[in-house]
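Common to both upcoming complexes is chain A, partnered first by chain B, then by chain C.
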Partner chain A sequence: MSAVLDLPVLVEQRRRQHHRRRRAGLALLASVAGFALLGPWLVSADPAFQALSDSLLAPGAAHWLGTDVLGRDVLSRLAHAARMSLGLALLAALTAAVPGVLLGVIASWRGGRTERALVMLADAVLSVPGLLLVLLFSSLAPGRHWALYLGLSLSLWVEYFRVSRAASRPVLAGDAVQASRLLGFGPAYLLRRHLLPALAPVLGTLLAFSAAQAVLALAALGIVGVGIQPPTAELGLMMIEFMPHYEEAPWLIAAPVALLMLLVLGMMLLAGDDGDAA
Partner chain B sequence: MSATGAPPLLAVEGLSVHIGRRALLRDVHFSLRPGEALTLLGESGAGKSLLAQAVMGNLPDVLRAGGSVLMEGRRSRADDHRARRALWGRGLALLPQEPALALDPLVRLQAQWRETHALVGGLGRAAAQAATLEGLRSAGLAQAAGHYPWQLSGGMAQRAAAGIATAGGARILLADEPTKGLDAAWRDRTVALLQSVRQAGGCVVVITHDLRVAEALGGQLMVLRGGEVVEQGAADAVLRDPAHAFTRALIAAEPSRWPRRSPPATGGLLLEAAGLGKVYGERLLFSGLDLRIHAGERLAVQGSSGAGKSTLGNVLIGLTPADTGTLRRADGLAPTAFQKLYQDPAGSFAPRVSLGTSLRDLARRHAFSWGGVEDRLGRLGLDPGLLARRPAEVSGGELQRIALARVLMTRPALLFADEPTSRLDPLTQQRGVVELLDGLDESGAALVLVTHDEGIAHSVGGKTLHLASDV
Partner chain C sequence: MTRNPSRQPSVWGGLLLRRLFQIAALSLLVGTLCFLMARALPGDLATRIAAGRYGYDLVSNAAAEAVRAELGLDRPAWLALLHWLGDIARLNLGRSVVSDVPVLFEVAHQLGATLQLSFAALVVAVLVGLPLGIRAGLHPGGAVDRLTVALAVLLRAMPPFLLAVLLMLVVAVNFGVLPVAGDHGHGSVLLPALTLGLGLGAGMARVTAAAMREAAASPSYEFARTKGLSDRQALVRHGLRQAALPVVAYLGVHAVFLVEGALVVETLFSWPGIGHALVHAVFGRDVPMIQGTALCMGLMFVLFNLLVDSACLALDPRRRLPAGATA
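Up next is the complex of A and B:
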């Protein structure tokens, strides 16, 4: 029966659908990333330059997205905010991935006491809400990027640990790994040819998800005022700054909200479910 | 058994399956009255399973079915899947090829069996329980009632799936290789189960590689090759006097007709086991087993399904520790001197890496020249183009040949082959076993062959070890 359902044409069709979704996500992310990278350079306005006479200008030729209450150019601030959010989130997700995956593989490989200890550690971290952990760290050094980054990484690694521990267990128990061991291959080979290829699609998905999670966490911290501090531009911070002017200048708050949505949507589309289940 | 004159219970007219413009199955006709049976024979990939799926109405969307299917007096177009779906379970049942995938891994055997009696068969609580116990007992699974499917051996899962598939009381049963991996005794019990469906006024379509099933079942026989029917008629007539050359080749390749090979010269002692014992769960598999294996020796291990044949092999080559007894390898053997050939070759290769990459890694690891590998693959009749593919993209017969080439690269002293050909059709099977033995003759390695098939065990020309089972 499986032979019927695994016909190459079917697999191909599923794969193509999946690819379309991924391409859409990738295009979205690429445009946000392009805006974040090139924006600060293209928009010549200084994000911190204040001109109180230009307070709350509507979008126009001089300021495409208008100005905030201090007369600062919103487009320029948005580009800087996007660059910071995206950069910090990706960095945190990547630094969480490396130890998370390694510990997960070690846990399912060694089993026994090593596994129990690692699982207990992960559960302990998991018992504290992620946002609270980031808050704790950022209260050590308020407004500092490194504190936020450390807090984010420490809350994100657990997911990588759990997923790679669960995903590597059937691989390690399978005939393919047994055969490779019998044929005389060592741990490095098993990691390179068996474990990492099996984990790669799951980890790609997880990377996108956890980066999205980090972007949202940063914005949430910005909103409650314990994340990045003014005058630095940050998405959550911008939202809270624009909130009082919601009545007179609704386009202001729309800009960071839309950017945040596009960013997270792009990451979710990129993650999706992996069509390559076989 | 058939009621002559009765209207057909299942009739298929002009059935075809296409993918795009390519025909996978062409112009199949048959008609079964209550009590009749049809056996489908043919090479792997001939379209036998596809035929069963098309009759079920369970083809994937990209496949286009043509022709019509008459079932319990209602005619429907072959591609009208919904028309037959209403009959699933109570009127029409399929025993799928992979029993392990058909059972729910998270539910104990007894519970899923009872569920089928109660929800599909419509029995009351007590009646369902009684029917379940009776089914478990007659399938020899009474002790395994509380097991999860992953705790069952391949043959046990096969019997469980057969019992559950028939629990709904369907009158039309499609069985896709119901005796795969079963020894003679259980094969006969499974055939009896199929016969009981016929006696109850149902009809049976059986896909098999085993001619003895076709013989025992009787009824009609259809031989498929490359999606076309090459021969069709009464089973005893076709088997006695096959008209088509392909049918003749298929019958000649039946394991009980294989010639016995002369035993090769044996050398020094490789492995000595004394008082080996192993318990699986609460079941004693074997105990007090003494065994000596010499270089070049051929040992066939037989025994009923679940008797611990594969476990014994794993213990001998050091993959599983024994519970009692001692095992001594001869001195001076390399750590990779004991190798294994798996029942499912696809599962024994790294799934996401091309076959060529896997073999090249191994050649480098064992300082084996790549030219030698290509030479061996060529002698096994393998196209070098196959190496660019991943394991799942190669047929079972070809992959088992590649697996053989792979283990021989390590210059093994002892090879444990665990039912290496049980998933293949007889023609491919015979070729596979001959290639395996040729390869071993050439390298001088000893063989421990686990097989449920007495014909194959006899043909390798060595000693046979029978494992008794307490089930």
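Up next is the complex of A and C:
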């Protein structure tokens, strides 16, 4: 069975398919990100402007996605919510990446006691489920962005640490690094010329992945009402606000749901996961 | 730990040690955060406690000072933090500020509901995932295989809260079959359990299919067929155990999904479990309850991981060699 599947032609075909899937995932994520960054600028309507006479309008020329119960423009709210969520998530993912990667490289570079201590630190953070950690931080200062940001980046750095620790070990043990060391190059050179280029592809995927995860965590907290507080537009909050009006305006809830689903789909495609990987 | 490879207990001991350390870290982290939360509450702590005791009309500065001295609220922050953590170590979690019931009592009460939901979700996942996965793995490229791929992509593109919203709208509102929310006995556990279990089961079907495909292609399985065992016997005696490992490991990786999912799904469906209690404690700024429920959820998570680790060790003798276990 496996012998048939391993024919060079089929392998090549699968590899190309895999490549195409990653491209599609990247394109999806990029379009969601593009909507988040450019949306608020393109949609001129004020996300907080209420017009009670225009309550629950169906999608039309004036309001492309209709209006909510307070007559606020849904497209504009969606764009602002996406920008806020994605901005916060990207910031958290980027700032978590720096200490995560550095500590991971240090761990596999130094080995021994340093490595064990760092792994213990990561284990300690891993003992609390990520969403719980973000929830606890956000209840330190309810509705504040900085508290959510702190919680997110604290729970995200561990993944960078684990991946870069595992990925930098073979690089550090390889001939190229040994040769550079013998030639007398220092740690900064090794990091710049050997480690970062080797880590870059996997780090790119991880960055997209953890940013999308952070967006989902924000939406999950929003939907249970302990994340960002109204009247700020937020994806989870929007879903909860639209639920009671499902009878009159069932199309409303589709907008935030579709945006989140596109995001997750893009993330899964990018991770090269067709349901087979755990 | 790794000095004596022939002795088994060292591996089990290392496993336990790692999880015990995690429990300590969990208590430290949650305790410190809750301490900060209590300090960050607006208003003077002593005055509020005095008001609770004597009534708001009778509170004077003198009464507040007396309370402050009695409860040691004038201690420096680090000493207060140490006392706070000491209380956790002695399992003295205090009383809920809202209901005045001991936190341990409340949490023990809610734990039952959460365990019931998690168990039901696991049952759903196993019922959906295993049969489909085994069938798909034995016949790669068949109809069931393609169905599970489509199902997995669709279901895993939805975080649990999305699935919850959709299930509520479609099953409960449109068809009116099951109760939308709450715990009214018959059938109310079904929707939240489906929400948690379907996503898990879809992933499980794919992992099972991959594991089964590998097991069916392995030399040991081929030999079992060659020596004359029937399809069924070969599957039950040789295929399943080999395929079980990745599936159990998958459950371990996704334990976090069950715990985080419980937090969201319980709140959405008003299921009276720990996640629901935690969110309501956050609304009520009830710090002792936040601490108790968060600790309990973290503990559940760590214990579930321990269970999965032990199951992996029990299933796979190769892992009992120290090199694999300490990596």
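One rule holds in what follows: the second predicted complex is superposed on the first by the 240 of 278 C-alpha atoms of A that agree within 3 Å, B and C clash if a C-alpha of one lies under 4 Å from a C-alpha of the other, contacts with A are read in each partner's own complex, and residues count from 1 in each chain.
Going forward, a residue touches a chain if its C-beta (ideal position, glycine included) is under 8 Å from a C-beta of that chain, and two chains touch if they have at least 3 such contacts.
This one's a predicted model, so the numbers in the text were calculated from it and none came from an experiment.
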Chain B versus chain C as contact partner of A:Met261, first or second or both or neither: second
Partner chain in contact with A:Gln13 - chain B first, chain C second, else both or neither: first
If touched residues of chain A are counted for chain B and for chain C, the larger one: C
Partner chain(s) touched by A:Ser180 [first = chain B, second = chain C, both, neither]: first
First (chain B), second (chain C), both or neither touched by A:Arg193: first
Partner chain in contact with A:Ala27 - chain B first, chain C second, else both or neither: neither
First (chain B), second (chain C), both or neither touched by A:Val224: second
Which of chain B and chain C A:Leu126 touches, first, second, both or neither: second
Residues of chain A at both interfaces, chain B in one complex, chain C in the other: 1-2, 278
Complex contacts: residues of chain B adjacent to chain A: 19-20, 49-50, 53, 59-60, 62-63, 96-98, 101, 176, 317, 319, 335-336, 338-340, 342, 344, 347-353, 357-358, 361-362, 365-366, 392-393, 406-407, 410
Footprint of chain B on chain A - complex, ascending: 1-10, 13, 174-176, 178-180, 182-185, 189, 193-194, 197-198, 278
Interfacial residue positions of chain C with respect to chain A in the complex: 18, 21-23, 25-26, 28-30, 33-34, 36-37, 40, 140, 148-149, 152-153, 156-162, 165-166, 169, 173, 202-203, 206-207, 209-210, 213, 217, 246, 249-250, 253-254, 256, 259-260, 263-264, 267-268, 278-279, 282-283, 290, 294, 297-298, 301-302
Residue ranges of chain A in contact with chain C within the complex: 1-2, 120, 123-133, 135-137, 139-142, 216, 219-220, 223-226, 236, 239, 243, 246, 253, 257, 260-261, 264-265, 268, 274-276, 278
